[in-house]
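Take a look at the structures below.
Here chain A shows up in two complexes: once beside chain B, once beside chain C.
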Partner chain A sequence: MDVDIADLTKVYRPNRVALSEVNLHIGVGMFGLLGPNGAGKTTLMRILATLLEPTAGRVRVSGMDLSRNKEAVRRRLGYLPQSFGLYPRLSAMETLDYIGALKGLNNTADRRARVQEVLETVNLWNDRDRRVREFSGGMLQRLGIAQALLGDPSLLVVDEPTAGLDPEERIRFRNLLSMMSGDRAVLLSTHIVADVESICSDMAVIHEGRIVFRGAPEQLIAGARGKVWEVRCRRDTFERLSEGPEVIIIGARNAGDVVEARVISRAVPQLGAEASVSQVAWPSLEDAYVALMGAV
Partner chain B sequence: MRNIARYQLMLIARSPLFIVAVLGLLVIVTVGAVDRTDGFPSAPVEVASAAVMQVSHIALMVFTLLAAWAGVGSKSGRASEMTYTYLHSNTQMAIGQVLGLTLAFAVVQVAIVAWGTGVVWVGYGRIPVDYRAAASLCIMQLLPAAAMAAGLGYAIGYLAGSPVVAYPIAAGLWFAVVLGGVEASTLPQTRWLAVLDMGSAHDFDQGLTALAMATAGFLGAAAAAGLVKRGREAAPARRRMSAAVLAVAVMAFGLTLTASWVLWSPRLAISRNSAKMVAEEAESFLGLPREVMGLRPATDVRSYDMEVHLSPSESRLANTVVMEVANRGAVPLSTLTFTLRGEFVVARCQVRQETWMDASYDRRASLLEIKLDTPLAPGRSCDVRLTYHGMVCDWTLGKFVAFNDELNGVVRQDRAWLPSGLAWYPVPGARRTRYAVATKHAVAKPGAVATAGLQVEGPVSKAVWVENSHPAARMRVVVHTGMAPGTQVDAGIPGELISAEGESPVYKFESDWARDLYLAAGAACPDEVELPDDARAYLERRWAFYESLAPSGRDMVVTGLARRRTLLGNPQLAPQGMIAVDGRLVQRTAKRAQAGRANAGDALSYDRNLVESAVLSAWWQGGGTRWHFMAGAASGEVNVIGGVLRYALVLFLEHNGEPDIAEGVLEEARRGHESGLVHLRSMEAEATLLLEQARQDRGLEAVRRVFSLLRAGQAGRDGVVTMDDLRAAAMLAVEEVGHS
Partner chain C sequence: MQLSASEVYASPDPARMRLWRCRSGPYTQSKHGWSGRWAIEDVSHIFYPGITAVVGPNGSGKTTLLRTLATSLAPARGSVHFMGRRVDSAGASSADVRWYRSRLGYLPQSSGVYPNLSPRRFVRYIAELKALPAEDLEMHVNRALVDCGLQSCCGIPLSQCSEGERRRTVLAAAVVGSPEVIVLDEPMRSCDPVQRLGIRNMLRLQAERRNAICILSAPAISDLDGVCDELIVMDNGRVAFAGDPEDLRKAARGGVLFRLLEADECDRVIDALRSPLPSSRQPVVSSVLKRSGGQVAVRVVVDHSSALAEENRENWVEVEPTLEEAYLWFRTFRRHPS
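Up next is the complex of A and B:
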């Protein structure tokens, strides 16, 4: 399974460019698509999910032109949109049984078995008879991924799945995604860097409709090496630093009269003699992402 | 598709909106059914269906809105985003969901019928349930209506995609169908469109109506599948399929409407012909002397001997009738006057005074005047033989609200009824067409009614074909039904099957008194019941008074409507002198009267009216007619017998020392006359006030005379008193009282 995106452009009326000549190749495994809100992630996801027609360019899924083979692509596709609704008065079991029928699982016994399998996979089997309206946010997301998995898809498109989840649920969910990615391509769209950092072996960063980075997370991190600094200085000194150009504050913590901060800067921050500055040897993906987006 | 339907059914069934709606409908039906159990016992399904039909339009609106809600939910909302990536087609989704909604609504409809029937069954003393009637109601009316509401509502919701837009459109469509259906059914040119409205079209062409409603639902589903979100259809084959389904739905719906148009077009032509005939008839009756008119015609028929040949497929009738005709007037008759429907062609007319001789005759519209070579002296009789034939379709579309079976009795392939309303055999005197006579008298009687040689299965319907006859005439009729051998014929009244097996059914009806044939249909021969003394005294007091007003010469027999017995028949059709009442109601009314607690309001209250109706209908037999609500365009077409009887109540109250209550009843009539909000009520009130005016002018004797004239004349035979009848009787009475 691979997805080949070539010169993909999507223009909404009136002349709002959501995607501009996007080129990507996505293979088996976890692929993270990182980008700020409004960057074009969801548009790209919806095109891949056969819900939107591109204005220009081409998408091939396992060699098939998506626009001409929607039916075949849908047979291989599992899609979890950023925001989705399920019927609150159905139980988890009923919900998946219904969706299974819509996905073409016509044999009742096979469908039931598959529903059981995915419910166990997402750890909701014990809650199968509970109404969906009684589910927590994390359980809903897991049910959402369960519906996406029902057809045993080779391409899983997941759009902003961890938004709004508490840390524990988020960790559980991304572990689940990671588990899913064994023999299928999983495209995870998110603006939460930690999700990509934790589970993706391949990634892209999209900004204002364009791919601004494509590679492994380590490559993005490597690009930030030498630009991340830890500083400790007086408060007034730090305020001068934060007002200066070419510096991005990643984080700052007050410690009495002094401030301990993590900053991104091409050059060594000039803070005076009383301050201590040390270079961070191993920047995080977040550092690298911020550096990339801030064009530092 | 099956799974989609199943889950849609599950979803709607779990919706609080749906549950609230169902409970609301159940409550309304329960109230309606319980309310109806206060009256005379009727078949539970009949009463329940009346209660259900009363809320049917509300139910349709609720269902349409719920379906619109489901349609909106399917198209918009967050669920649809990922749903569109699944593999089902639009057609599967739309039809599946509409099927699910239809099932849900159908289950509710059936449950409501079952519940209403149960309520009536318990309330009326467990009268047997006619399951076939219940099934017919559900299958032919309620289920197709459910499909229509589901399909159209879903389509509206799906096409609109927003509740703000969908609900007003759905409500508007509902109004258009309901109000449009009523309008369509009253306008001859648009009557064919009434198949889209369950309420206004259910009496006729049920199959077509069911089909029209079902195809409308299918059209809605197909429109949702074929017109919306075509872009999501992944495969061209699927797009073509949804387009094909839409085309089939449009074609099916169009064909149904076309069939309705084809069905109604000839009826429209017949209607226009009937209207033309009525106009000609009115013209021909102008200037006729009073002695030949129906009120007291000199021409009298003592017996009929008929050989009728029906041809249901052609709606034709051929008859040879031999009549013994007498002169009951005071002067010799040189012309015998009859009324025979104007469309009939008289082939031959013979009179026997000494020997059979061909006689000349005049035909003007429905007037038949036979010339006698030798005048017939008063009290003498002669024989008349008449051979004639013609069509028997009566349709006056737009003239009546109700289109009942007897109007087109012979038109129907499976019926052998003869028509009413227009004289299909010679009726003595010149009798203007009395459209108000046309009313349905379907008295459901479950099970079989065995009579000599005839086994009638299923509901027995009252015969309507003798209602225009002379009640005292001896009657012998042989009816060749013209139907296929072995056809189960609902002959309307019990007769004797005289044809051999393998032949077209032929029935013989014979009686010394024409009305006996009619009454036999109801088998209204319950045992005399034991009434408490006070109740019996109350009834006897009434009976004695009414008998003194215009005697029938018969003794009163009180029969009870036992709650634990099968239906005993329509009390208004009971033989003269037989009063069918609910004993408890009579007792209650009597006690209230004795306690002096009655007032004008009570006098008009339901229970008192019930007794009043029972007594008066026995005293003044309604024959084939009940004073039902039928809007007439002119005073000559409205039966105002209710107003006449109401004046009898006024007299009774005065006679019993209750002048204040009597005045209250009159005041009620005055108010009804003035308000005129309901046409019929206004006309009835006018009749009451006309009698009051006659009394003011000429005293009570004039009123008594009016009652006697009406009872002895045409009105006394068929129970229809038009304002023209009443005015003529009042004029005659005033003259007679004046002379005396």
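Up next is the complex of A and C:
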């Protein structure tokens, strides 16, 4: 199973280029897609989900050309969009049975068995007879994944799935994604960098319609090594630091009279004698992402 | 957490906000109809200048707490004091409520905008409603637009802006004029990582320069790591933890374990960790990272590594908890003190 994207371009209006000659190869496992709002993440995912026609370029899913074999690709595809509507009065089981029928699982017994299987995978079997409108946000998201898994897809496209989930639901949901990645390719788009760090072994950063990083999270982190600093200084010194150029502040908090901050800077931050500055040996993925986007 | 009444009504103290035994509704509605539970119950807390983050599961009362602080909801019991004056909309004089609101910036959980106005016009309109002095108005509006990263779209109608831009416009309207109390309900929603960083740094500057009390809720704990000065964990309408987030992290030390597993032994090893323990004490998985070589890096949160059986412990390595893991540890093992 692999997805091969070559010279993919999408232009909405003459001046609105969403994707510009994107080349990307996605293999089996968890693949994280990061990037600013409006960078083209959702466009890319919608093209992969066969919902949008690219302007130029091609996509091959397991060797099949996407634009010529839409039906065949759809049969191998599971898609969880940013927001989706369900029939509130149907139960979880009825919902999946209905979607399964739409997906072409025509044999009733097979479909029932598959519905039970995916409900067990996402841990909703005990809630199978409850109506969808009673579901919490976390349960709805799990039901969303369950419907995406119905056709046993080899490619799973998940667009910002954790919005609206509380912290524990988010942790459970991302681990569920990771656990069932197995021999599937799972493409996850998110704004929570820490989630990519904790479950993705492969990733890309997209910016203004172009891929600006492609590799393992460790490689992005390695690129930021030597640029991330922990500083501890007086408040007024910190204010001067935050106004200065070429320094990006990742986070800062009060610790009594002093400020403890984490900053990105190419050079050692110059803060005078009273401040303590130490280099962070192993930056977080968020540090590395911010360093990349801030061109530090 | 509990304060005596005399402590709470002590001499007015500038730049503090006191919440005294607040109970707020509305009653939460569930499938059984009105459940008769207060959304927050008997909550007392003193907020200081700096950044305070309110976290907790859905339905734990975060939004009700923030709405009570923002005078958008009147407490059914209890009071809110700011700088010694009572300011909640239940018992304060309308003059005091107006006085407080002129010092308050509030971003509600869901907010509407006027679609025909541009972000600049919208923020200026709110600034005029807040009666900011006319001579400083443009300066304040510009600063709020820059702080919220709206320079590129500040001239086009909000109806043509993206969802994130609309949300940040309302955020800019909340912080325009550098209010002394800033209450933000999920300010980072639909923001990308760099925008999240921008909001954090903007709040830090408000807290440092204006000595502002910034109170925010955030559904992603990783946004708060190394950022907030104080953390409040809500549980079922009550405060389960309030204090320095580093204290929570310290308490969780020894409770986060790491191990590199082969893919096929993953389920078995995690089950072996769980099965000897009663369900309330069972470890929870914090992250599962399948590496390209076939190995799986697993982090689990346990009550304490010493609570595990000897043969389970030896292959796991204790690691420094992230704030998210510290939260998970607290929610799983310290929610009901044993």
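Here, the second predicted complex is superposed on the first by the 295 of 296 C-alpha atoms of A that agree within 3 Å, B and C clash if a C-alpha of one lies under 4 Å from a C-alpha of the other, contacts with A are read in each partner's own complex, and residues count from 1 in each chain.
By our rule, a residue touches a chain if its C-beta (ideal position, glycine included) is under 8 Å from a C-beta of that chain, and two chains touch if they have at least 3 such contacts.
Worth saying up front: this structure is predicted, and the values here are computed from it rather than measured.
When the two complexes are overlaid on chain A, chain B and chain C sit side by side with no clash.
Once chain A of one complex is fitted onto chain A of the other, the partner contacts of A:Gly104 are limited to chain B, with no touch recorded for chain C. Of the two partner chains placed around the shared chain by superposition, chain B is the only one that A:Leu86 touches, whereas chain C remains out of contact.
Contact with neither chain B nor chain C is seen for A:Trp229 once the two complexes are overlaid on the shared chain.
After overlaying the two complexes on the shared chain, residue contacts for A:Phe173 are found with neither chain B nor chain C. When the two structures are aligned on the shared chain, A:Gln147 is found in touch with chain B, with no touch to chain C. In the overlay built on the shared chain, the residue A:Ser136 is in contact with chain C alone; chain B does not reach it. Looking at the superposed arrangement, the partner reaching more residues of chain A, out of chain B and chain C, is C.
Of the two partner chains, chain B is the only one touched by A:Leu51; chain C is not. Contacts of A:Glu94 after superposition: chain B is touched, whereas chain C is not reached. Superposing both complexes on chain A places the Cα centres of chain B and chain C at an angle of 90° as seen from the Cα centre of chain A, in steps of 10. Superposition on chain A places chain B within reach of chain C only down to 16 Å, the least C-alpha distance between them. On the side of chain B, the complex with chain A involves touching residues 3-4, 7, 10-11, 14-15, 77-79, 81-88, 93, 231-232, 234-235, 238. Contact residues of chain A toward chain B in the complex are 49-51, 53, 70-71, 74-75, 77, 79-81, 83-87, 89-90, 94, 97-99, 101-104, 144, 147-148, 151.
Chain C makes touch with chain A in their complex at residues 31, 50-51, 55-58, 162, 164, 189-197, 200-201, 204-205, 207-209, 219-223, 225-229, 284-292, 299, 322, 324, 327-328, 331.
Chain A meets chain C in the complex at residues 29-30, 34-39, 134, 136-138, 162-171, 174-175, 178-179, 181, 191-195, 198-202, 216, 235, 238-239, 242, 248-254, 259-260, 262, 286, 289-290, 293-294.
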